[in-house]
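Structures given as structure tokens follow.
Consider the two complexes below, in which subunit A is the common component and subunit B and subunit C are the respective partners.
What follows is the complex of A and B.
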């Protein structure tokens, strides 16, 4: 089917507009992080830097604990994403495949975890974590992140399971495969795009988590990027250069994750489309 | 008698190098998180630890954004710090969750040695005790560029009318004459109150603790502020301190009300000390006082163990010693002002390169800080229920009611008092 030239132009313009909408903030932050301080806060903003300096990055890495915050964030987010997937995949499959009393009610109820503002549970949770020795530990953060990522992950993955043709599973059953074998050998490879999506979701949720980390972490050495970085900025003053340098660094792991998993993700989608 | 004198002299000599009978480890929480402040504090902590056998102080910087939830939770769970830097409105909150012994003896001793500005001690004196040791003062000032005023042919504003006239004159060529915030945030609380203290609305409470926020003076102050706020940039309804500072430094704003962080002006702006004007907040009328909002930050000793309290007292005393005090205050030159007579003259304070470069401005800030007031801690009286009002930024919300929602100042102030009553009751 051939598109008219008007349609082609409209499509191109729409894509350019969408591209600018997505890329301009990134460009603005990253390019500004290389500008001199005076140019950053200049009355006339510059899209293309007129000056170039690495001083903001040097200051960020040299005089603050930002590298420590980054390392903590990578550890917490990676482990949280892995554990979330390890728990969400079998749970979602169980909700999809197994028949047990109250299945639908339970499936819908798990999303209640998002019904309460996190600030409501913050103080009692702090007391509980103190008794368990989890205050000021990365383990505590992983537990929190998994708790909040799991319900939605289960929902997402069940939808992916539900989208697979039932004949595939039936064929595996005919071949004598157990439920676990069907899950591991048949279903998981087929829902890899879903697993990649949920992994990215869990990672980003942990990467950006602020409220619990800000209260449950006491020492500077255990802070993650969002909390540690907000402190670097300061209250009565803002070092705009350092702020932009930190923001540029903060999106790097997420971009790297997307570039690695995204390709696999797209491949999986295409594979599913021709089945 | 002679023996006693000899012993006292010996003790006085030994005291700075005091050895404690048992090893004491103290944790200090503070909210001075920018790296250069943490580094400066660490230098002082290292010096203290080296000169005091048996005591180890370590710092854990915290964030102002979370500390109101975090500190009470930590103290209630028994994992809080031993010392904490606080502002007056934070102490009543902490006193509700934990027993804080009075430091009256320590403050008296330090007062006789260094001579505190009285109001800074008063902010922590209530309910038959003094709850923290004043350490550093912050006061709000009017910032302007001398060259701008000179070119426009106007004098430094002394009154509200002067301020409006100057702001209108400076509003040209894309410049906003005056940058005033209208965010529901602490910065707006502070700027609005800076007007209130010059408009006869200093007292938010009656003597019996009931609210008197809703009065003609408060309405008049809000009316003036809201009127001037129209000359500010459109995004000022979401400003915190940093945005106002950037507006001034980038020369987009002619004047701002600000705590004076000189580092930013020096490094991100022109850095021309001769052009930076720091003036008192304009008075309501020509015969009025130039008051301002001021925060006397203090060291709160939370530990209840005798040895730890003694060591914490030694640490706070160490910071107030003139040879250390200047270094301590200059962790952020221009922002933190001395609140002792000995500190105001300390060589360690004035010898800092940035403080020396901006000496004229710093002297002005110190002078202004003597006229400092803080809502809820005025006229030598303290109303702990201000903590709940402050935590909810109700002074700023009252302004938003006018600036954002378009209500009349009288209605907004009446609604503000109702909200304050609710907050204080709960």
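What follows is the complex of A and C.
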């Protein structure tokens, strides 16, 4: 497509504006986590660090429980993502490729659950988890994370199933394959990008979950990164260096994961919006 | 589409049971709790009818939080939609690196909220923060502003931070709506000599409007539910200036330990939100039909 020069200027300006808006905060945080403490809180902030130190990272990993939080987060997010997939893939397949009574009603309920004000169930859920002995357990967190990841995951998988030509499935039926075999041998390999997208969605959701974790987790050793981290923010004297180092670290796993499958994730997100 | 009911039920059942158990049942419990008189979790309560509803509805704090929620939702919807529209229109174009930009634009959304909170708390702070020196250099302000010190600036700052987190997500959905517009429409308009502004107002805007409508609804519902950003940055303060309904629910339950009253506010908030969702989706499906 050809563009007029006015359009080119508008495009360049908006891209620069958006780039700064999104990237500058991250640049400041990551670059500042290597600065000496005096430079971090200096009255005239620096764009490029004048000093370089690893002391904030040493302090974070050496004298705080941050490594424990990281480990908890990795465990909870990985398991949550796997269970979400195990539940969402068959459910999405049933919703979008099979006919059964109650299909419409259930599908609408799922969409409603996506917009549900989660804080509403926080109180009764806490009571329920107390009775079930799930308070202060990572299992409890996995249950919560899977529940909140499910509605959007099922909805997102819809576009991937819808994108498959039905001839492939019909051919497999002709060959006498059962539904389970078709799903496992034919469909799942074909929607691998969808599975990756939903997996990363569930992982990110669990990695960033704060509200329920802060209420359901009592002991320090069971905390995840967001909650363990906010414990440090609340302290009277804020150690910005350590916080910025922690922030850089909390972003790292998501960045790594996203660089592997981010393209599929965004594709799934946008296709899901269209269909 | 094949018919195999037992298998389909088996496929759907685990997900539906989990949703029913973790969302559906607690919602019913919240209604029951709101009719009882319970303070601590686990302690029994007696049925006291609708008296909590009377108390909450005559409490100015509830209406104040309701008004804050309204301001929060509307302002977020406006800011997010404008930023998202600029982003979507830019990402629709072809330029070097557009594929990378389309993927990584969502960076603000994949980062933990707690990190977002730390980043912006630091940037807005009066010592070492970047925003105040920047605004002073641009000559917009003379002295550093305490962004979280007055109700109005705290609300505005939170709205900015929340919109910053969500606008790329909305933008990608909009981009999907944009790519659905057939390109031959633009070609025809170009042959007729329509400039880019006319192509935008005559083609892009009307064809994107239904998508925008849906996204406004989704954005509204998602913004209403935002709790962690507000709680971690201002805890509803100063002077209750950023206390939205979710913050009030949390405070009532976990600060003043009044579970039944918190459940009452929850039920009222859910009714409000769900009736909005219902009205909005009905309105959208009607405007799509015409």
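Methods note: the second predicted complex is superposed on the first by the 230 of 275 C-alpha atoms of A that agree within 3 Å, B and C clash if a C-alpha of one lies under 4 Å from a C-alpha of the other, contacts with A are read in each partner's own complex, and residues count from 1 in each chain.
Just so it is clear, a contact is a pair of C-beta atoms (placed from the backbone, for glycine too) under 8 Å apart; a residue touches a chain by one contact, two chains touch by 3 or more.
Computed from a predicted model, the values in this text were never measured in an experiment.
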item	value
Partner chain in contact with A:67 - subunit B first, subunit C second, else both or neither	neither
Touching partner for A:240 - first (subunit B), second (subunit C), both, neither	both
Touched partner set for A:220, first subunit B, second subunit C, both or neither	first
Partner chain(s) touched by A:122 [first = subunit B, second = subunit C, both, neither]	both
Contacts of A:41 with subunit B and subunit C, given as first, second, both or neither	both
First (subunit B), second (subunit C), both or neither touched by A:230	both
Dominant toucher of subunit A (residue count), subunit B or subunit C	C
Which superposed partner A:150 touches (first subunit B, second subunit C, both, neither)	second
Subunit B versus subunit C as contact partner of A:133, first or second or both or neither	neither
Shared subunit A contacts, counted only where both subunit B and subunit C touch the same residue	40-43, 119, 122-123, 126-127, 130, 215, 227, 230, 233, 240
Partner subunit B, residues of subunit A touching it in the complex	37-38, 40-43, 63-65, 119, 122-123, 126-127, 130, 135, 214-215, 218-220, 227, 230-241
Complex contact set, residues of subunit A against subunit C	1, 3-4, 6-7, 11, 14-15, 17-18, 21-23, 25-26, 28-29, 40-45, 87-88, 90-91, 93-95, 97-101, 103, 106, 109-110, 112-113, 115-128, 130-131, 143-144, 146-147, 150-151, 154, 173, 179-180, 204, 207-208, 210-211, 215, 225-227, 229-230, 233, 240, 243-244, 246-247, 250-251, 254, 258, 262-263, 265-266, 269-274
For the subunit C and subunit A complex, residues of the former touching the latter	1-5, 7-12, 14-16, 18-19, 22-23, 25-27, 29-30, 33, 41-42, 83, 86-87, 89-90, 93-95, 99, 101-108, 110-115, 117-123, 127-130, 133, 164, 168-169, 172-173, 175-177, 179-180, 186, 195-196, 211, 218, 221-222, 224-225, 227-228, 231-232, 246, 249-250, 253-254, 259, 262-263, 266-267, 269-270, 273-274, 277
Footprint of subunit A on subunit B - complex, ascending	31, 33-36, 38-39, 60-66, 69-70, 72-74, 76-79, 174, 240-243, 245-246, 249-252, 259, 261, 263-264, 267-269, 332, 335
